[in-house]
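Chain lettering (A, B, C and D) follows the sequence in which the chains are written, and residue indices restart at 1 in each chain.
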Amino acid sequence: METYQIYSLTSAVLFVIGIGGVFITRHFIKKIIATMIMGGGVFLSFVSFAERDALTFADPVPHALVITGIVVAVASAAFALALARRIYQQTGDISFSNDK
Amino acid sequence: MDVFFIIVIVFLLLNIVMGLFRVWRGPAVADRLLTTQLFGTTGMAILMVLAGYLGELTLLNVAITFNVLAILLVISLVKVWKNKKGETK
Amino acid sequence: MTIVELITVIFLVVGCFFFLAGTLGVLRFPDLFSRLHALTKADNLGLGFIAAGMALHIASPWAALKILLIWLFTLLASSSTCYLIAHFQKEQDQLKNRKEGE
Amino acid sequence: MSLIIDGLLAILAIYLALQSLLAPRLTQSVFLFFAFGLALALAWIRLAAVDVAITEAAIAAGFLGVLFLDALRDFAPRIPAKNEAVQKQYSKSQTKSLFLPRLTLWAGLGLFLLIALEAVWKIPEGGGLTAAAGTLLPESGVENPVTAVLLNFRAYDTWLEMGVILIGLLAVFAAGGKMAYRKPGVASQDPLLRQVILFFTPVLFLFGAFLLYIGKTGPGGAFQAGVLWGAIGILLHLGGWPFIALMPRWLGQLLLTVGLGFFLVLGFLFMAAGGALFEYPPAYAGILILIIETLAAISIAAALSAIFALLNQIGEEADEIESTT
């Protein structure tokens, strides 16, 4: 067992937890958190394979992708939060109506 | 010496695990927040020990990043939740 | 084991002790204000001792300066955090009491 | 021996992810999610990705926490009657027989977990671009391979990514309503809060600039500096100096687009000179990258703090509606 294997297996588990969370949880904020956890799993798998392919330094391309990815994920989370808050203010709903 | 550093890091991680109980329990938002602050400090300590263990001094920059942003959450709680009924109990 | 290593080990152990004390305090103390007290102990002394130990171990002036900065910022941030959270909680409690009084 | 740390971190991350989704209360979820961010930041360190760790630390400890805390304020129970009705509806739907759909869901998730585990276990070796990046590194003008990839080799990705952040801001704007900050800035009354904000503003600025400069040789760069500078905007907004909203419109627009625009103009200039898009002459690459990074960091900072200001505005509007009714 090597370091990258531990984290790549963890990344798969995190991704599946995130997908399950998107289906199972009801509240908007929890759904947003679930998507962020999915994203975390994807980033973790990228970086763990970058560490496996390291020569004198780790593979920089996945690192660069993950750095941009984190910032983009945050921007999309902000948009999702804005939508969720607007929906709550207009209708009082805290989840999608067909989930009730 | 390396073994000693690993023991210290594992010990500090276990501290974080213990502290999770207070995040879970609450009861007030402020309780959860102060535990998160404790996690941040513990994380900084872990980063410093890792910097010595791996000999990678750039890790100190990560610790400073945590450090200068630690106050942000507290200020946002204090300002944003002010005069809000919120979850006090 | 050289004398510097010995001092590092002692500092780290003492720092770990304060972190344990802080965590246990946050877990066991009965109300928020005493928990804040426990938190600041871990922040100030725990991090301070670990910082001192690692500064000795790393033994580079630039890194020692950074570690000192980390500790000073944490001192500042944790004492202000303590004040702000306590003040916030006091206001919240007053607000709640007033609402219950009505 | 050091695998103990990795194992513990992995278990911690999985546990925190599970708990933050399964916790019954919303505040529990959100704060456990902050702890998850911390665990991930430590995981990046263990995987020798210090650049990513700095970004994650700045995002998870600062920006994301503030966004979620601000949103949580909205969802704290303010209309008890309605919430109770919703709760009742929930408990009613819980009692309905959902055995078959749930079984399908869990079986599907279990199967998917197995597939995902096998996929990451068996991913073929030898695909990476490490060697290619290593041979080109001397021509890129910087010494840190990650910065070289971000701003030289794959510069158009970074350029488009800044466009994505800008579109995110516009989307929040569309969902959130008006940007005009009607109230004049009211500086915070609490003297200590004022002093803390006034102390940390220059510290954040200096450390951001340090990270920007150090990005040439070591971990750091435009994104990390951008997030740190964005935190300045958030701090000042919270302290009652909403300078993003108060500044003249043209200045705000300039700050938001300067990174994207300069990048584009530069790219086309080199194209006109006969190279490819974003093909810098190696002699000037270092200084050009530094300029682009500075402008990009300014744009990212402006976009992030504007996103926060808009989201905060949504909550304040709701408060006004609440206080008038």
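Keep in mind that, in the parts below, contacts are C-beta pairs under 8 Å (C-beta built on N, C-alpha and C of every residue); 3 or more make two chains touch, one makes a residue touch a chain.
Note that the structure is a prediction, hence the values are computed from the model and not measured.
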Shared chain contacts [chain A and chain B, defined touch]: D
Centre-most chain [mean C-alpha coordinates]: D
Best-connected chain pair, where connection means C-beta pairs in contact: A-D
Length of the line joining the C-alpha centres of chain C and chain D, rounded to whole Å: 27
Distance from chain D to chain A - Cα centre to Cα centre, in angstrom: 12
Rounded Å distance, chain B centre to chain D centre (Cα mean): 19
Between chain A and chain C, centroid-to-centroid distance (C-alpha), Å: 31
Chain A, residues touching no fewer than two other chains: none
Sites on chain B at which at least two other chains make contact: 33, 35, 61, 64, 68, 70-71, 75, 77-78, 81, 85-86
Sequence positions of chain D contacting 2 or more other chains: 2, 193, 196, 203, 315
Interchain pairs in contact, sorted by label: A-D, B-C, B-D, C-D
Chain C-touching residues of chain B, taken from the complex the two chains share: 1, 4, 8, 11-12, 15, 18-19, 21-22, 28, 30-31, 33-35, 37-38, 41-42, 44-45, 48-49, 51-52, 57, 60-61, 63-64, 67-68, 70-71, 74-75, 77-78, 81-83, 85-86, 88-89
Sites on chain C touched by chain D in the complex: 73, 76-77, 80, 83-84, 87
In the complex with chain B, residue positions of chain C that touch it: 1, 5, 9, 12, 15-16, 19-20, 22-24, 26-27, 32, 35-36, 39, 42-43, 46-47, 50-51, 54, 57-58, 60, 62-63, 66-67, 69-70, 73-74, 77-78, 80-81, 84-85, 87-89, 91-93, 95-96, 99
Touching residues on chain D, where the partner in the complex is chain B: 1-2, 4-5, 8-9, 12, 16, 19, 23, 25, 27-28, 31-32, 34-35, 38, 41-42, 45, 50, 53-54, 57-58, 61-62, 65-66, 69-70, 73, 76-78, 188, 193, 196-197, 200, 203-204, 207, 211, 214, 218-220, 224, 228, 231, 234-235, 238-239, 312, 315
Chain B residues touching chain D - in the complex, by the definition given at the top: 2-3, 6, 9-10, 13-14, 16-17, 20, 23-24, 26, 29, 32-33, 35-36, 39-40, 43, 46-47, 50, 56, 58-59, 61-62, 64-66, 68-73, 75-81, 84-87
